[in-house]
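What follows is a set of structures to go through.
Below are two complexes that have chain A in common, paired first with chain B and then with chain C.
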Partner chain A sequence: MSSNPPAQSPAGARPAVDGPRPAAPAVSPPPPATVTCTIDGKPYTFPRGTLIVNAVRQVGHPIPYYCYHQKLAPVGACRVCMVSVLGAPLTRPGMGPIVTTGCTTPVFEGLEIETMSEAAKLARKQVLQFLLINHPLDCPVCDKGGECDLQDFTLGYGPGVSEFAERKILRRKADDLGPFLVLDQERCILCQRCVRYENEVTGEQNLVLKERGDRTVIDTGRGEPYSGYFSGNNTELCPVGALTSRTYRFKARPWDVRPVATVCQGCAVGCNATVNLRGDRIVRLLLRDNPQTDGGWLCDRGRYGFGHTTAPARLDRPLIKRNGELVAASWEDAVSAAAAGLRQGAAVLGGGRLTDEEALLLSQLVRVGLKTNDVDWRVGYQTFAAPEAVGMQGAQIGDIDGADLVLLCDTSLLEEAPVVEIRLRRSAGRNTSVIDLGPVRNFRHGPSRRIACAPEDLPARIAALTPDFQAAKSPLIVWDGRGGEALAEAIRGLGARVLVPAEFNNARGAEIAGLVPDALPGYHRLDEAAVFSKAWGAAVPSATGRHTQAILAATGGDVQALYLVGANPLRTFPDGALAAAALDRVGFLVVQDLFLTEAAHRADVVLPALGPLEKEGHVTNMSGVRQAVRRIVSGPSGAKADGEIFRLLAAALGATLADVPAEVASEPVRLRLPAGSASTPPGEGLRLIVRPALFAGGGTAAHDPNFDPVRGGTVVRLHPEDAAELQLAEGDAVHLQSGGTALRAVVSKDGGVARGYAVLAAHVAGVQGLGPRVRVAPARAEVTVG
Partner chain B sequence: MPWDAQAADAVVAKYPSPRSAILPLLWLGQNSDGHVTPETVERVADRLGLNISDVESVLSFYTMFRTSPPARHRLQICRSLACAMKGAEEILEHIAAATGVAAGEQSADGGFSVEVVECIAACDHAPAYLCDERMGGPLSPQKALRLLRGEGGDEQ
Partner chain C sequence: MAALERVWALGRGLGTTFGYLFKPRTTVDYPEKERPVAERFRGLHILDRHDDGLEKCVGCELCQAACPAHCITVEAAENAPDAPTSPGERYAWRYEIDLLRCIFCGFCEEACPTGAIQLTPRHDLIGFRRSEFEVDKRWLTVPDPRRATAAGPAASGGAGERAPGGPIAG
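Right after this comes the complex of A and B.
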């Protein structure tokens, strides 16, 4: 080692240090943390355990590989990362170098690696020739063309001509693999990245190797459709064109597209992604790893949820109701009509989907333009966004990695913050205990403990977990804020950090901007109104406003006008009957949205807004991480950004909106929570509960053509024994009846549902109108005459 | 025959990890039903806490498992390198010419089926074969026809 030339210092590797070795102590010491080896004749030092493939990459030498991937465990399946190695124990003294796979061999002291030896070059060339024996070479029509490792490595390391004259084995092409993926078995080189990804990362296990020898293919077990929430990541793991996105097929080449960094606004995780634009259209989203939020993966809701930007149903001009009909109007007319209608007794609901900046503008508009504190972003089940605002200690998403105990309090990460479930599954596979509490199973990967209980029993069950939490070093609670003060008090009692998935992507941004009736921006008390009055140059009311329930109840009374900002209480508010009555009663209704929602149909004025990928600003994720979002596409020409609409409305109301309020020094206010859910009295039928479902909801997903394949009918989940008692089979059509209301649904048997419950997805039309208990009866076959 | 839950439990108890019991449980199903039925796959997956896909993957790897009702005699001929060089293809051609049954087919009367398989790890007996559950080789065209008639010779 001392005779070596000066060591190179690549990123991540320390240069070798010359010097005498220390004398061997009597007790064998732990092996040194680093090892020094040579790569193509030059010495480098690496952390012990570094794989040859990574060592070679780190020092900047090229090395081809298919099966290896930084996010997966090594497997040594493709055999293309061949290098020559010399050094015991791989080779015996006197023996020459041997060729081995770089992805399964860690570097060790004294190892000599040759990446471009004749033997290594030949081995790679032969492996590449073998990988192409049955490959169709349909690169001209393959989506992967231009970013394909098989193309690139064959050009770099492979033979120019194949020695094989035999007929190629034909396999299934353009195989529909479920909602988002298309599989081409002929292009597959059996690297098994997809199979391993599902085993190691998501646990969804759809894809397996079938058959053997040259007949081996990737397929689902019985050819059934791929089912899962994370299928799209396969298209980026796949090194060839075998697994491709249905939405990207034949849309573009990598050299056609322009990459733009973005933050997904499909939920409140704030996953980072790269948008690919061809011209002015989004053709796909790719991973852009952020360890703080996404952990290197995207869910399908996020990856494919860009279709709303060009959906035909997008609102592209303001509408005013004339003679009971919504008719197109100019912005000038619509804004002045809206301002006139909102001038007296207005309340505002929504704001959880705005940017931080827009939320602040709305907060000002409410106070200085509408002169009220009757404003609330909470138009669904969630009662608060920031744990700190209700006397809890907040957690970061990454805290799941080090937690030894995680309590899922009636909250499904999979449905409400999907990629965080991947993180929890990984932790649970190490040494994190997961307690899954509530009437519906929340964790599909086998929690350490499943405690089924009714919603009203949650506080008592949580209190009973106190010893577990006292024994835990780093416990964490996941709670989506459904319920009320009684549950919050029980959670505070455990003294652990709390992670709060949000019902609307920027719920936290809305809350901190003061879109609540009992706090001003920054959670400042209403008695600081004078300070804000000064900063905003207009009087800010100091009387406590009303929350959503009270606002809805007061419509027709002193709430004479309602302004819904990206909100549709008919789908989201738990008391659907109240929401419907309120919108019927209210004297004047303004709806600002992307689509003509159920609420917009009832509006007097509809203001078309731009969507999340169509405006600039910042959004705050569920952990309080603030990230910039950019305008990537222009959106419908007749729509405007919410912030711009707020300024227009303010001007029409004779107010001016300042940019940002001055800092106010005061103790943040603690938000009031509702008392909590009362127990449902016993009665006929099953107890109805509504839980979030990733693809079922409203918002942009409801109108996104990319989600057509996953948009089935309304599904009601029942315990298999309840279904059996009702003589219902999987897929049976049923009527859910409560009071005078009925909803048609399809039965799904689910052992994760506690007995006695019927579970429906939240944010679906018709669901919120049903009462606390439903009768489930088979739907008669409908006969159509004529 | 119905699924023997007790026998299944006894099999599972022999192995340190449930996954190891996939093959013996599939055998259990095949031995009782004559072939591995979809229900057997579901039961095995359920019993071992595995995904159905996982079990299907293992099932499809082993040519020794049947997924449809078997012929009376099943001759599987290895066509991997050593056996191919020692005349496996010629034997298959001879069988096809003599009986009209090609590789992958079953005789019209259900008497026998002929299949080609990848290496069965008997290259020293090339061309090697499996007749029903008995391995043998080297196989000759004449011996193949005897095996198909059920006159399985015990000679090597």
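Right after this comes the complex of A and C.
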């Protein structure tokens, strides 16, 4: 990967300026928007402010550069972009051309640039010689070899031999900075791209310059491990092999990989990426800029979350429960067993991880195959996916850039839509004011107004923000859909656009496809069942179905069979006790998933499905952008794409799946939201709240071997004073007790947690089984003698 | 007349053949005897080692990139710091050459930054199955001098041994 983005279209032609000239203003006229200068003897016109380095690249002349990067502010650190320039004010009349850095000098009227003058060539040659004084020249073992700017520019502009015979300074090599990042200080050319990225883009300042002069090195601040969700972008910014990826280490060379465009399905942002394949194995993911979604960055979960494609734990054959044991079975047997069991009183949960097309197939399968509307994708905390579906105005991810007021309503963009948080950090540093509302501080890398409050107080606190919202020109609300109708009503009252990070990557696609109990595909009313019946050639039930809570409560009663599609309510459903009881009670359980989850262990039939990188289709991101995904790897040979499984099941149930009717003339339905609890849970102990954590759970991340180093144990976050009262120190093992259940966890002190709360990561085994209040006891007290 | 001419031609032809009985031989009794090859003859490959027994190959894949026949496959891995296979961070855990595709151009040898892959004068490329010509590290790597002195070359699985998947070595 060359870290230098390709030059834009040639700018030789001046952009047409239409319309009459505006009337002469009273003040002095603004300078013209374009300037004309010559590059290697030919005149070109550029927008004012264009840097020489970009101007030269745009006209297709070569120019080396290391520290300059289009996504970062220019700094002029490496001095390799030298060109000869002539023209006032850089040179005085009568003076000859001077050599200067192209990345810090904008073009101006009458400037003459020479890229290949003898003086410029000599300057570059000497700079390159200096850059290599202490470089180890270990290209054969370096991961960057073959796509390294230091190799390329030294070959193109550098000297053949070095005049330096002194001993090189030795530094740290092959140093694991964090779980994903490897640093080789000897190869670093101190261009500071990484340092500037950590300053300007993430604001986390994980990487800094240390020492002075020829001892200067890149390191983490105090030598601690790199901690952050955006480390991988450094490996693409670094023009040399100083910062490389742990997962890609020595896996391939740029000439033996095949690039394929893809869309990350790690969360609902839908960042664009390029997969690199060596043979049929994914070796790495690279940036593929899309200003609409990712804004040119990936998070580490997206970049490194491909290990599940080859994980040994992947299911690769259907399983049927015989005498209490899950045993391998053929697809025919498994499908007919599943169909037989689902024929009577079945309900379906899940679907937030399917493609749009598959979700639609499942929606049909439920209606015409299982003859019910008991279907719900919402198997976690999120109560809706599309703001429009609950009477709010939706926002685009890019709207964050122009918003002057952003309300984070008990929602962490960092954990739920990481790359969007980067946008918010950048605009929070400029002219966006951020209000961080809820029991936990969610916005920690930028200025914000923090309002701590209990979850049930959110509606009142939001209503109190009305004046701020009335004063704001383009306000925005970020809410992950946790809570209920009361909160939704308060948010509607503010009248701002709403951005909803989703708990499941294609929640929005599932909702549009009608995987909800109160709407047909396209948010059509159940009254339109007749239209759909005609299009699908089978009767579509028109009675409103039940939502997840009601379905789980009715298992063992008239819900006799349950079909979990990529869902594991035991880990995701807030009322874990209900989910566990429901799965125990239900007469027949079919689980369709990639891994043998806790729910799959209890299943009567397990159907192995293909993962997100293993099938074709479209996915809809959190702001409704539909993007195509392709089959990049084949996945386990015994697994099938979800859509294919739905077709097999439909055939076994005697139904056929057809296309959706194009025209249905009804107003879209507004989804019902649960009421949400309005009172503080009674009882003793700390109040337990469960909040998403990037690497903790999720469909594939929970089982991805690439994330083993970051998953760690269960961590409970406490306010430092609460921890002090309980006499707990950082890292202490504790038992969280609630009712009859207990969970072992490790204490982490966090000043961002309001007092009286204990915060656990969502989608982690055992967490959902705890009640609303927990008693925190040191684990050593549990050790009884005898 | 014509018949006589034919007999004459036959006799002359046989005469040429007969004449060779008294000339020095140009063939040798291969494989019992071998003709010396030119000093820079490019024959079968070896993967060399350093004197301390570490493999010279660092798994850089340059030979694979240089090979015009695309018959080399290299996959690298990270050395265990306490028991390295090669000097430095990286070694080739997989190194395969499809000798039936190889054109013995020597580009791999030329590309190699460590002098690991070398073309030797050996040219006895014999086998009964195609798979026998797809040789891997066990066949290519020369014996480890440290282990060879201790247990003899056979124990080291070096070049010359008929490893599974390798052609008969001369």
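The rule we apply is simple: the second predicted complex is superposed on the first by the 744 of 786 C-alpha atoms of A that agree within 3 Å, B and C clash if a C-alpha of one lies under 4 Å from a C-alpha of the other, contacts with A are read in each partner's own complex, and residues count from 1 in each chain.
Methods note: a contact is a pair of C-beta atoms (placed from the backbone, for glycine too) under 8 Å apart; a residue touches a chain by one contact, two chains touch by 3 or more.
All figures in this text were calculated on a predicted structure; none of them were measured in a lab.
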Chain B versus chain C as contact partner of A:249, first or second or both or neither: second
With the two complexes superposed on chain A, say which partner A:174 touches: chain B (first), chain C (second), both, or neither. second
Touched partner set for A:140, first chain B, second chain C, both or neither: second
So in the superposed three-chain picture, is A:207 touching just chain B, just chain C, both, or none of them (first/second/both/neither)? first
According to the stated criteria, A:161 is in contact with first (chain B), second (chain C), both, or neither; which is it? neither
Would you sort A:73 into first (chain B), second (chain C), both or neither based on which partner it touches? neither
Just to be sure I read the superposition right, which of the two partners does A:222 touch: chain B = first, chain C = second, or both, or neither? first
Where on chain C is chain A touching in the complex? 58-62, 64-65, 75-78, 88-90, 113-114
Could you pull out which chain B residues touch chain A in their complex? 38, 51-57, 60-61, 80, 118
Which positions of chain A touch chain B when the two form their complex? 205-213, 220-222
Chain A residues within the chain C interface of the complex: 138-141, 145-146, 173-174, 249-251, 253, 255-256
